[in-house]
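Common to both upcoming complexes is chain A, partnered first by chain B, then by chain C.
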Partner chain A sequence: MLASIAFRFSAGSRLCVACRLLSTSPCESQIRGQVLDEALARVPDLGWTRSCVEAGARTLDLPETMADLAAPRGGADLALYFIDSCNDKLEAQLKLRSSGLSSAGEISLELVGFACRERLSMIRPLLPYWPAGIATLTGSPSLALESAARLQRLADDICHYAGDRSTDLGWYARRLAVGAVYASTEAFMLQDVSEDLVNTWAFLDRRINKDLAAIRTARQVAGGAFDVAANMLGLARR
Partner chain B sequence: IVRLSRRSVNAGQSVSRVAIRLLSSGSQQQQQQQEQQQQSRPPLHRDPELAQLLGRIASLDLAKLTPETRALLDRIVRVDHAGEFGADRIYAGQLAVLGGTPTGPLIRHMHEQEQDHLAAFEALIPALRARPTVLMPFWRVAGFALGAGTALIGKEAAMACTVAVEAEIQEHYNAQLRSLLADNPELHADLMRVIARFRDEEAEHHDTGLREDAESAPLIRLCPPPFELAVGLPSSCRSGSELIHNK
Partner chain C sequence: PKMQCRQLLRCISRSPATSSSSCFGVTRRQVHQPGGFDTSFGFEEVEPGQKQDRVNQVFNRVSNSYDLMNDLMSAGLHRCWKRRFVASANPRPGWRVVDVAGGTGDIALGLLEWSRRLPGRAPPPVRVAPGDGSVDSFREAAERQTAAAEAEAPAGCTVSVVDPSPSMMQVGSAKASAKGSTFASSIQWLEGRAESLPLDEASSDLYTIAFGMRNCTDLPGVLREAHRVLKPYGRFACLEFCSVENPLLSILYDEYSFRVIPPMGLLVAGDWDSYEYLVESIRRFPHQTLFANMMREAGFSAVNYEVLWPGVCCIHSGYKLPSVK
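Showing the complex of A and B:
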């Protein structure tokens, strides 16, 4: 049930952030984007709070009540906007990179690695403040569901542009695996103090080579459970 | 039976894999470039008319659709894919038992048509970024068991199963056509054409089943009403006998 709600959210989160929340005209969503972009520049000073969004509105000579429209839930909406804008930028990059990709059910681990590295690099400017941003998203069950939906959308985009065309349980297995790789690497990055985050990139490479090797080809993923059952029933070819 | 079912699943999947291999960049390029490329790419489906319709559906710009439309398309493609997969498995089960009998060629023909339908939805799942159903292993086993089980009772029971399945699927497709019509008729024109075509082919199967003595299946009036499965796979005996009584 939770999964179905999250998936329903993810279908909506694919749209521009503002259009989804406000169902407004492109003009209003553009203003919302500008306000929140300005607010993100002020996060180091004011944190993931409503006053940060108000400061962003003030910079654009807009009334502070714009903060209510742009971020009804305050810092949580600002954090969600940050995630969504990073996901949108990543999707645009992935579209360019994968235009020549053709696959027969295989996913390109290089593209997965590139996507994870790009997406994590987008957090780097706000890296010291991102743990507080994530904390705002744990405030309520609906926020937790929405952030899970963002992760699901990210994993779906990465798998799709890496060449996944599966239409069976492999679809779920791959997205779970890629989502887990990304989430664990992000968690690692938040506490990484190494120079230029070399430990994080090494962690990411290890995760991809170990965890994702099993889900690379469609035949392995889809046929796995079937093979187990067939073996148990004594109907296997071998 | 395992080998037969695997082979037919693989056959269906290989058609779709060949067909959807080059779909990944479709949404980004302009219409003209798309058409030029589609002329040089392998078709999305072995049927040229379906290939053209599917190509136009695949070229929809998903970012411009409203969340409700996205959710509707997602749900429709998922449910239809699951339904066609179940129907494919049912016919495979029937073929496993009745493949060598005189009705074998007929069932084989209907099975091939269902595989065409399945290939179409398998092409649409990545094209519309839809989520496939979680219950695939269940449909694989349940469909095959239903097909093989009714075929073991007899040819008439297998035909009764076909009649019930196709009746249910037709109702389903009609309901989907209504919801697509209510959402945005112009946008969904191609998808509606595809679904209407599939619905008409399912109607043919249904009438074929009736012609092949589905009504004389044993125990058909004694079947207790089984619970309806979530995706609309048949409550076989009940809807089959309802249909026959209502005619």
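Showing the complex of A and C:
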């Protein structure tokens, strides 16, 4: 039961919730991808704005209506697309890395560190402009919900490919912890001025080796208490 | 009038009407009626082919008080919805827009204003030479300079309004002329039906229809015609009342629609039946997901809809992508 809830929760972030796209023809998602990829190249000049998306469409000889199709909410959709494309690239890399892992409950901290480093490196080309990108996602409650869904999907992907196949309440604790590690490191990175971002990588290592490791032990204690309660109520299926 | 007064008294006394064809106590929440969309005039069944004539009669009668009644019925909310619709359609300068069932010109004027004054574009500054310092000379100089700047600024889009009711368009063109000659000269008023637009194939960048789709007879035909008239990559946008999902709002909305709006129409415009038709036609319109599917069948891509607050109307949007070889 928990596994099915988990699946639905993570699948929800893969749908374009606000647009309610009920069916996506390949032509339309292709156009969207191409226009927004071109627009991302123009963000340093034009920012996370609708005119940036229009410039992207113009490069492909498409009219401005295609900018409206690709980004109905303007810069916010461009920022969400950036997050989604980075998450997709990360998932492709994680699939290759973790094909050998098959543990049943413990996650590999080393893979979590690799995933966070890779994902943060994808932001580096647009790092000076990313704070403005994040700002566009705070414009409305629905946008805030969508960006939270992206973070949840990222944490879910990382935990899954790091070997988490559990079906107990520790599932939530682990994803919360990984999400917190990633989000705090990203926030740190936005104001890091050190050479080659060494401070950011040190911050990430501390977060993983101290906080995540600590949560792992705490999980065994807290998760155990939850499991006892669930067993007594007849909710756990073991 | 006597019949209408009886209806008014019945409404106020809250007892259900007896056998009239459009009695609201019995049939208001019935969605499945015999016959299709093209043989229904509100909750009344008509001969195929008669619906358009009945609709034309309604709009010819209400044209003078249409805008006032819109303000009263929606407490001014329709202006917010239309402004949101124009913002979502986002017409750019130089576009050719076709606005269907846009009789009184609300949307056409909104589209023109939007395209002429896109957000981010500052109004032209007024430079005043030191004259005699009086307010009048400043005002004259400002008017002259604004007129000169408007003459050379990009003209915004051009709108072709298509409406089957000449009296509605007369109200609209009076409004446009009152706004200024630059607005009036950018709008073209064409008499015609949505099912057969007097426009060439692939001639428009944007097709808009606001609160007019439910008055059309043949919805697939309207959508096919929209597809014909749009250029490749053109956009279709439709603002229309939708089925209310929230059960509490639905109850309040039904009570308001059937108990308040027809009497208001009687008191303000002297016409109960037209406003009863308008609220019934809302109930007969397909559900928003069904309409989205109809748009896809007509060939539109990236079809989606956005429900506006408080949940009684929504904007359907689609694009005509060139067909894949």
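What we mean here is this: the second predicted complex is superposed on the first by the 195 of 238 C-alpha atoms of A that agree within 3 Å, B and C clash if a C-alpha of one lies under 4 Å from a C-alpha of the other, contacts with A are read in each partner's own complex, and residues count from 1 in each chain.
Here is the rule we use: a contact is a pair of C-beta atoms (placed from the backbone, for glycine too) under 8 Å apart; a residue touches a chain by one contact, two chains touch by 3 or more.
Keep in mind that what you see is a predicted model, and the values were worked out from it rather than measured.
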Chain B versus chain C as contact partner of A:79, first or second or both or neither: neither
First, second, both or neither for A:98, with chain B first and chain C second: first
Identify which of chain B and chain C touches the larger number of residues of chain A. B
Based on the superposed arrangement, let me know which partner A:107 touches: chain B (first), chain C (second), both, or neither? neither
Look at A:149 in the shared chain and tell me whether it touches chain B only, chain C only, both, or neither; answer first, second, both or neither. neither
So which bits of chain A does chain B touch that chain C touches too? 20
Name, in rising order, each residue of chain C that touches chain A in their complex. 88, 90, 92, 120, 205-206, 231, 233-235, 289, 292, 296, 301-305, 317, 319, 321, 324
Hey, which residues of chain A end up touching chain B in the complex? 7-8, 11-12, 14-15, 20, 95-96, 98-105, 156, 160-161, 163-169, 171-172, 225-226, 230, 233, 235, 237
For chain A, which residues count as touching chain C in their complex? 19-25, 27-28, 31, 51, 62-66, 68-69, 72
For chain B, which residues count as touching chain A in their complex? 1-3, 6, 13, 16-17, 20-25, 27-29, 62-63, 66-67, 70-71, 74, 81, 121-122, 125-126, 129, 131-132, 134, 136-137, 140
